[in-house]
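Here's the structure, in structure tokens; my notes come after.
Chain nomenclature is as follows: A, B and C, assigned in order of appearance, with residue numbering initiated at 1 for each chain independently.
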Amino acid sequence: MDTRILSIEDLSIEYSNVRGKVKAVRDVKLDLYKGENLALIGESGSGKTTLGTAIIRLLPHSGYIKKGKIIYMGNGKEYNIAQFSETELRQFRWKEIAMVFQSALNSFNPVLKVWDQIFDTAKAHGLNNRAIVREKAIDVLRFVQLDPERVINSYPHELSGGMRQRVLIALSLFLEPKILILDEPTTALDILTQRNIIELLRIIKEDMGLSMIFISHDLSLAAELADRVATMYAGAIVELGNVNDIFYHPRHPYTLGLIKAVPTVSSSFRELYSIPGSPPDLINFIPGCKFYPRCEYKIKDCEMTEPILVEVEPRHFVACLRYKEIADGR
Amino acid sequence: MSLKHILKSIFIEPLALISRDKAGLIGFIILVGILFMSFIGPYFVKLDTEVKLDKIYQFPSREHILGTDNQGRDIFSQIVNGGKDVIIVAFLAGLISTLIAVTLGSLSAYAGGITDTIIMFITEIILTIPQFPLLAVLAAFIRLTNPTMLALIIGFLGWPALARAIRAQVLSIRERDYIEAARVLDLGRAHIIFSEILPNMLSYIVISFIMAMTGAVYSQVGLIILGLVPFYGHNWGLMIQLAWTRGAIFYKGSIFYILSPIIAIALFQWSAITFTRSLEGIFNPRLRTGE
Amino acid sequence: MSRFKRIASNYIFIRVVRALLTVFIVATLTFFIVRLMPGNPVEIYIGQLISQYGMSFQDAKNAAAALFSLDLDAPLFEQYLHYMRNLSRGDFGVSFLSQGTPVSTMIVAYLPWTIFSVGISILISFSLGIILGMIAAYRRGGFFDLITSTIAAILSAIPNYLIGILLLIIIGVQLGLIPVSAMRGTVSPGITPGFTWTFIKDIFSHALLPILTYVISTIGGWILSMKSSTLNTLGEDYVTVAKARGLSEMRIIFSYVGRNAILPLFTSLTMQMGFLMGGSALIESIFVYKGIGWALGASISQRDYPVMQAVFLIITVAVIVANFIADSFYSKLDPRIKVGGEQ
């Protein structure tokens, strides 16, 4: 039975730049299933944020979808988001798919009260009754463990960073979307607040039936909350599998490197590891595997042949020529 | 660094940078052109003071490129000779304003505390008083007898606006990381001010100076038109004042007499401002002004 | 927090105190300039009376005292107090030239016209300017932007009084569209004031050229700064989030971009009011529009010192009041400004 809710097919996204075309996302194929949490992990420039924002077509001016489809399966029908008109997008956004941006510090209009911004959102989707909206707002704010009365009448600058992040999460749940995309939800927050937000996200995962996509460079977030993990490099998915497979038997050198690079509480200073080299040039690509210059497992073939995703065990895909030889990390 | 290298960085590179912004380039060319005309031109084009009553208010001809005024004198020569006084006084006044503003502004920002409060308080007071009426009243009281006095009072009233901006700049630079680094490395206050802060301010100071100069032109010409600057010899502002008091504005034939100085002044202001704007773009590669 | 502290840290309170303080300082300065400077008007007047009318020193002094509302025999400080007391009662002395006319009457007659013309001009210029600026920002790089920004840059560089003269020449003389000499003054003779259409039409036609001058000379600045501010605001996160929330384009333009982009422009608003009031001295003189600026110009050229000093003071006070109003308005618009001392 097809429990997919989102299906991305052959998606390629580019940005126009004075130096040329930045190929930020290349031929990505990815499915999201109902009720699952998917983590998109990668460093800056890997294309994960571009992919995330493209799902709701919120690319900046210079970005555009070069080819591919973004199929959303909801309400018994299939829609290609990539072909939505402006009007369709406006109705679709936030109602079916909502996005929580990186650190809510500046996500709210400074001159409007929180209530006005909630009501704005409700009105934009046809909910005009103040009383109903107010009740719903209070419910959802309480759900994220905030004091509704206090928050609703405040201006954004009167709330702390952590509170604003919660309000943004609450707002994202307001219209009961089917998919929630979170871009670096815990970056730029202090450790305690991070923990609180992660707990909140865990509760959301357990209580509500929605699917979530986490975009992050932070592996620990994936480990805590994700069901499946996809690692991205140079605009393509290099490994995709469920969270246990990825963490316990990673098959791609990049994933391996990412895991090794996370310092543990018990590791010593000398054991700190970082992936050598620097991020790739997204305008002028080298032929072959894009990770080649930084890879510890490279062989001659890697230089000219770009690997494609191969299913190495049930529902675990890797794009590497040497996946068979790569031992179980650690 | 070789001589070639030095010459290149003084002349070629700035020119290359300026020409990237087309408007700025045009402004620069026109500004240089006007300066050239006003300071070097007079050696070639002598001021026509001969009264020729049979040639009043003539239209432009090959002999008189811009026509003649109400006493038959050539307008073009008046324009060529009319910029020098105005520009020199504006330059002096701008210099005075900028010097005071930089000193007080950076002192205020760097010292902080009571010094800052007092200086800013005085600045606020002077800023609130409308500048031109104050100048006019002062010019009426103190009978101005020479250009230096004029430059002085304009300069002394023009610094508050700049001082506030300079203070804001210094404050923002002061908080930057490389200043922290210098302080941590214990490089000394004087060194920090002169070798770290001021060089970064240089561009801002130059821009402030040019803006002060355009403000001084505004005040100066305004005072001249009101007849409050009696000592001046011939200049653009005086041409406008004479045209106004002699009713040349209301006479159809005298249009070149009144238009020429107006266009000259407007061109000077516009070219200076446009050039300054492109400087902002050059010195601040982020191409966004403000903090 | 103690009640006193709460009141003292109130934003509005501070502004009021600062405004009053500035007025006080300017009034004091004016007094001392008049009395103490070499060649101060009082001495000059006395000298004039003695040489022209052959008055004795004492008689001349008395006449001067009456004219300037000063007691010249009393110690300086007492004269100062006397002056301040008169000021607070609205007594500005008597005009030199129109013997016997109290300056306060003149001020009441002229000031409203300047406030009228400058006020309307700022309203028009600001409103039009921010709209055009926002459009230029939204259509950045396009034809509209190019034309608008270029014209704006050119207009803002030309001194406003020169624009006035140009308007006079082009519209009045060369094109003959407006009967310039008939347009002198603020109102045509013989028309009774009141809310009649005739009256309103008349004052607007007289104020047309000054208003046009103010608007043309200031709109460029508004367009350019609003364009820049809007571009900045468009890059803010909350605008992206607003789009993600599915808000309509109109709502975003007005309440998210517009309302935030306007805020930085308010400091310029206060500066511009002062600048225009100052420039009115020249512009009203050019059009012979009998407002307070014209009065200043006329009193300066006629060396009518009591009027000069009073008008100068009034212009400054008007600017301070206008600034105060603009500031209060601004604090209402931006909730981040702390109005009270609570929290």
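Side notes on the structure shown:
Everything below uses one rule, namely that a contact is a pair of C-beta atoms (placed from the backbone, for glycine too) under 8 Å apart; a residue touches a chain by one contact, two chains touch by 3 or more.
The model shown is predicted, which means the values in this text are computed figures rather than measured ones.
Contacts between chains trace an open chain of neighbours here, each touching only the next in line.
Between A-C and B-C, more contacting C-beta pairs join the chains of B-C.
Chain centres here are Cα averages; for chain A and chain C they lie 55 Å apart. Computed from the mean C-alpha positions, the centre of chain B lies at a distance of 24 Å from the centre of chain C. Shown for chain B are the residues that touch two or more other chains, of which there are none.
Of all the residues in chain A, the ones that touch chain C in their complex are 56, 58, 89-95, 98-99, 101, 105-112, 120-121, 124-125, 155, 157-158, 168, 171. Interface residues of chain C, counted against chain B in their complex, comprise 18, 22, 25-26, 33, 37, 39-41, 150, 153-154, 156-159, 161-162, 165-166, 168-169, 172-174, 180-181, 228, 232, 271, 274-275, 277-279, 281-282, 285-286, 296-297, 300-301, 303, 308-309, 311-312, 315-316, 319-320, 323.
Within the complex formed with chain A, the chain C residues making contact are 236-238, 240-248, 251, 255-256, 259-260, 263, 333-336, 343.
In the complex of the two chains, the chain B residues touching chain C come out as 23, 124-125, 127-134, 136-137, 140-143, 214, 217-218, 221-222, 225-228, 240, 244, 249-252, 255, 258-259, 262, 265-266, 269-270, 273-274, 277, 288-290.
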